[in-house]
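In the two complexes that follow, chain A is the common piece, with chain B as its partner first and chain C second.
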Partner chain A sequence: MARKEYSFYPGCSSERLTSASNYMVSVEAMCKKLDVQLNEIPDWNCCGASIGYAEGGELPRHVMNARNLAISEQVNKGQDVVATCAACWLGARETKDRLAHDSDLLAETNEALREAGMNLQYKGEQEVRHMVEVLIEDLGYDELKKPVVKSLEGIKFAGYVGCQTNRPFGIVGESFENPKYLDKLVEIVGGEPVEKYDQKVTCCGGALAFSEPEKSQAQIKKIIESAYDHGAEMIVTPCPVCQMNVEVYQGQINKRYGTKFNMPVTYYSQLMAVAYGGSAKDAGLDGQIIRARKLEEIAAKGVR
Partner chain B sequence: MGDINRAMAEQYRNDFLKEVEANVEEGQWVKMCMQCGVCSGSCPLGPAWEHPPQEIFMMIRAGRRDEVLKSESMWMCTSCYNCIVRCPRELPITHIMHGLANYAHRLGLAPKMNPTRRFAKKFWNNLAKSGRVNEIELSVGLYFMDGFKTGIARAWAMKDIGIGMLKAKRLNPFGFLTHKGCKDKKGIHKMLKKAREIEDRRKGFTA
Partner chain C sequence: MAIHEKSLIDAERIQTSDNLVLDGVDVSGHWNTMVLPRYLTDYDTDFARQIQTFSGGENVHRCWQCGSCTNSCTVYAQNTDFNPRYWIYLTNLGLKNEILKDKDIIWTCVSCNRCTNICPKDVKPEGVMKALAHWLEEEGHTPETKSSIFDNEFLDQVYATGRIEDTRVLVNFLRKTNQSVMPPWLIEIGKRMTKYFPLTFLIHMGLHLVFKPRTKSWGRTGEVLREYVHEQKEIARKARAMPKEAVHV
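Our next item is the complex of A and B:
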């Protein structure tokens, strides 16, 4: 049996051939080394994400999240629910909070849930947590350090925490304005965190990168520029939307602003997968649009 | 939609605050705003709001119903939750802005061509169809929502990103055909229909 087991909510962007499939690959490699078992919630559905509210309204959104949680209660009994995606985590946890404090909404939710298959009822038995919370709170930094066989020495990382893994819930013990956990994770794997990175909690525009590209790209420009200004060679983030927005629009930003950005944007789990001895492929580094060459080089080296 | 709007306006007469409290997600918090302006100053897209959140709160209390509900302002929310964590009175501002946008949209008062409103609608319909987001259908649908010609131009402008995503195996070129979604699609459709019915009844959208 694995050291820890969780009820896993992967989310839409983690599926094969989707925008964060490389995140998922690296999470699998990381969890294997940490002896953490993820039991996928069968037939999970979308959380509604941060933009679903406009058409979805209130109850339909909560019902979507409650369906996942109710299936989890039924199938993965006694386990905490863990999400890797910031929006999935936020959506599911928001629903849990709201239903815990509003018995009318809870009754309505269960009324709607009965229409779905599997004879579901949401009880609110399980905690809803982000993967980063699990790593830090259940395993702890010391345990996370143990499987490290390769140091990411010499790489400077700007730890871009972004919004939704940080607000409104965040990681216990961390501040909203200057959370330190990502920098600590970088240190554990031997990398150098850029301490004075001043855009670590700046919003990348989220879903508005699609609908208001100019406004979002102005945000993204700040995030990348500050990373360069402080000597970072790579950005690292815990959020799939942050990763995608900050990585893929660099070409358009260069055209718009005359900049020469070419900054790799990685996930914390990719750093850990490489440091734990995984190959570039194990770490999903072949999924980068802007290649993280320095990480690839370390991944290609043999373990001492 | 026009009828619902008229019915609501009539029911609540000059008391827009009461209407918001009854029908907008977390609307019962609006009266707690003390007009400090921290939310407006904390919003990443602050300058893009015609009326920043603090102003919206005051306008609700002043009964400026049309100006609030027809505004583009709430549609500038990126869901960054900065306003929520900084509000000294801990108002769930992000949710209230989402709630106002949703209410305006349901009443048919939200700006028709607002890009975020249109994207949000497409996004929800996309995920509700199979239970999970179909990314290629969503993005291509977004480019072509104003017709074929503008669609081609938009897709062309995005081609480098698209090619990058394809090469990195982060986009499924055959997703139109192969996207599976949830197994219990039927159940999800029924569940969502029911949820919408309940919510509409509670908020007075249906008799």
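Our next item is the complex of A and C:
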């Protein structure tokens, strides 16, 4: 019996062979060491991340999230819902919030689920939480430190939080302007956080990545440049969209601006998987486009 | 540019005489700069209500013009023509023609939610940007924007299968916007991936594009949502067409 159990919403980008599948791998390794059991919501659907304002109002995205949450209420009774993806968490969290405060919207949502032929009713029984909240609130930094067998000593990390886990809801107990949890997570695994990283909550411009690439790349440039200016060797983030955007366009940015960026962008869970004694593969480091060599080296070393 | 909103004044209304002496005082050049007054008569007093019928625009009337949205805006920091406070002001005044001057950039909001997070009146400026962009499309002032094309592609996949496959959304989007389906950065990623991943991985990835991920019990959910959206669109259109005397906002 695991120490803690959660109803898990992995989301589209975590699936095998998609952009954040390595995030998922590292989360699994991390949770195993922490004795946290993730019970996947069976047959979940997309959170509607990119349809925020498709016409027809907000109902469609609430129906989509409520469907997942209602299945979770039926199957994973009494557990909090946990998402790893920032967009999935934001979507589900917003639905929970809106339906809790609007009984008409709740009734409409449930009617749509009925109409769709699902024997489901969303009641709003479970909390919706981000994996980071589970780590820092339910387990706490002291517990997170216990399984550490390798120190990430000598690596300087810039903790890049981005938008979706920060606005409008934010991680419980953290400031919007200067959230500290990534820095603290870096510290407990023995790394050195860049305390004065000034682009922590800057938007990566992901929404324009494919339609106005020069604009989104101008954002990314600021984010990486500041990390270099503060002596960081790697960026660490809780968001799959941030991770991808900040990592994959560095070559393009180098061409456009004559920079020489080659900054690995990792997930918090990858640092923890390595610090907990996992191999590079366990930590999903083989899924990096820009390899996190220093982490790989530590992962390859035996536990002292 | 010390007073940035000078850019909001039409250039031809800013007048400066190179040589001017008033009461014996030489005020040549910028000392005599005057802004010619203008008289606006084309107010559409129903415009704010129209915008409120678009998803995201519901709270536009609450704005008290503190300017926090523009101050915090990610896009404004790159381009000072992107000015949410000003567009909200114009919306509430009903100055459609002024908004039309910026019709080609309104859709470029990145939804970072800095504005919505900081707004003291819960106007949800990020939503207003989307509402304005949809209004511009609906009235034919702009072609379907890239952001709408992306969202619709995303939505179509969700309706059909309950899930999305990120590579497929991207490839279809690039195709629909007449861009190369193999932009240089994607080729670069591909090259790096082939360095690390065995061939079987890439074959799997290709298969993933053919055999789409899906939610098995999705059933009629997509259809129900599609019908609902269609209905709501019609209801909103009718509400917009109603004479303004007949409605209370």
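In the analysis below, the second predicted complex is superposed on the first by the 295 of 304 C-alpha atoms of A that agree within 3 Å, B and C clash if a C-alpha of one lies under 4 Å from a C-alpha of the other, contacts with A are read in each partner's own complex, and residues count from 1 in each chain.
Methods note: a residue touches a chain if its C-beta (ideal position, glycine included) is under 8 Å from a C-beta of that chain, and two chains touch if they have at least 3 such contacts.
Quantities reported herein were computed from a predicted structural model and do not represent experimental measurements.
In the model built by aligning both structures on chain A, chain B clashes with chain C. In the superposed model, A:Gly205 lies in contact with both chain B and chain C. Residue contacts after overlaying the shared chain place A:Asn22 against chain B, while chain C stays out of touching range. With both structures placed on the common chain, the touch criterion links A:Val63 to chain B and to chain C. By the touch criterion defined above, A:Ser13 reaches both chain B and chain C.
Of the two partner chains placed by superposition, A:Ser269 touches none, neither chain B nor chain C. In the superposition on chain A, A:Gln79 makes contact with neither chain B nor chain C. Comparing which residues of chain A touch chain B with which touch chain C, the overlap comprises 12-13, 15, 17-19, 43-46, 48-60, 63-64, 67, 112-113, 115-118, 163, 167-168, 176, 202-203, 205-208, 210-212, 215-216, 219, 248-249, 251-252, 286, 289. The touching residues of chain A, counted against chain B in their complex, run 12-13, 15-22, 43-46, 48-60, 62-64, 67, 108-109, 111-113, 115-118, 163-164, 167-168, 170, 176, 202-203, 205-208, 210-212, 215-216, 219, 248-249, 251-252, 286-289. Within the complex, the chain B residues that touch chain A are 25, 44-45, 48, 76, 78-82, 84-86, 94, 98-99, 101-102, 105-106, 115-121, 123-125, 127-128, 131-133, 135, 139, 142, 160-161, 164-165, 167-172, 175, 182-184, 186-188, 190-196, 198-199, 202. Across the complex, chain A is touched by residues 54-56, 74-75, 78, 108-114, 116-117, 127, 130-131, 134, 146-147, 150-152, 154-155, 158, 162-167, 169-170, 173-174, 177, 179, 184-185, 188-189, 192-193, 196-197, 201, 204-205, 208, 213, 215-221, 223-225, 228-233, 236 of chain C. By the touch criterion given at the top, residues 12-13, 15, 17-19, 43-46, 48-60, 63-64, 67, 112-113, 115-118, 163, 167-168, 176, 202-203, 205-208, 210-213, 215-216, 218-219, 248-249, 251-252, 286, 289, 291 of chain A touch chain C in their complex.
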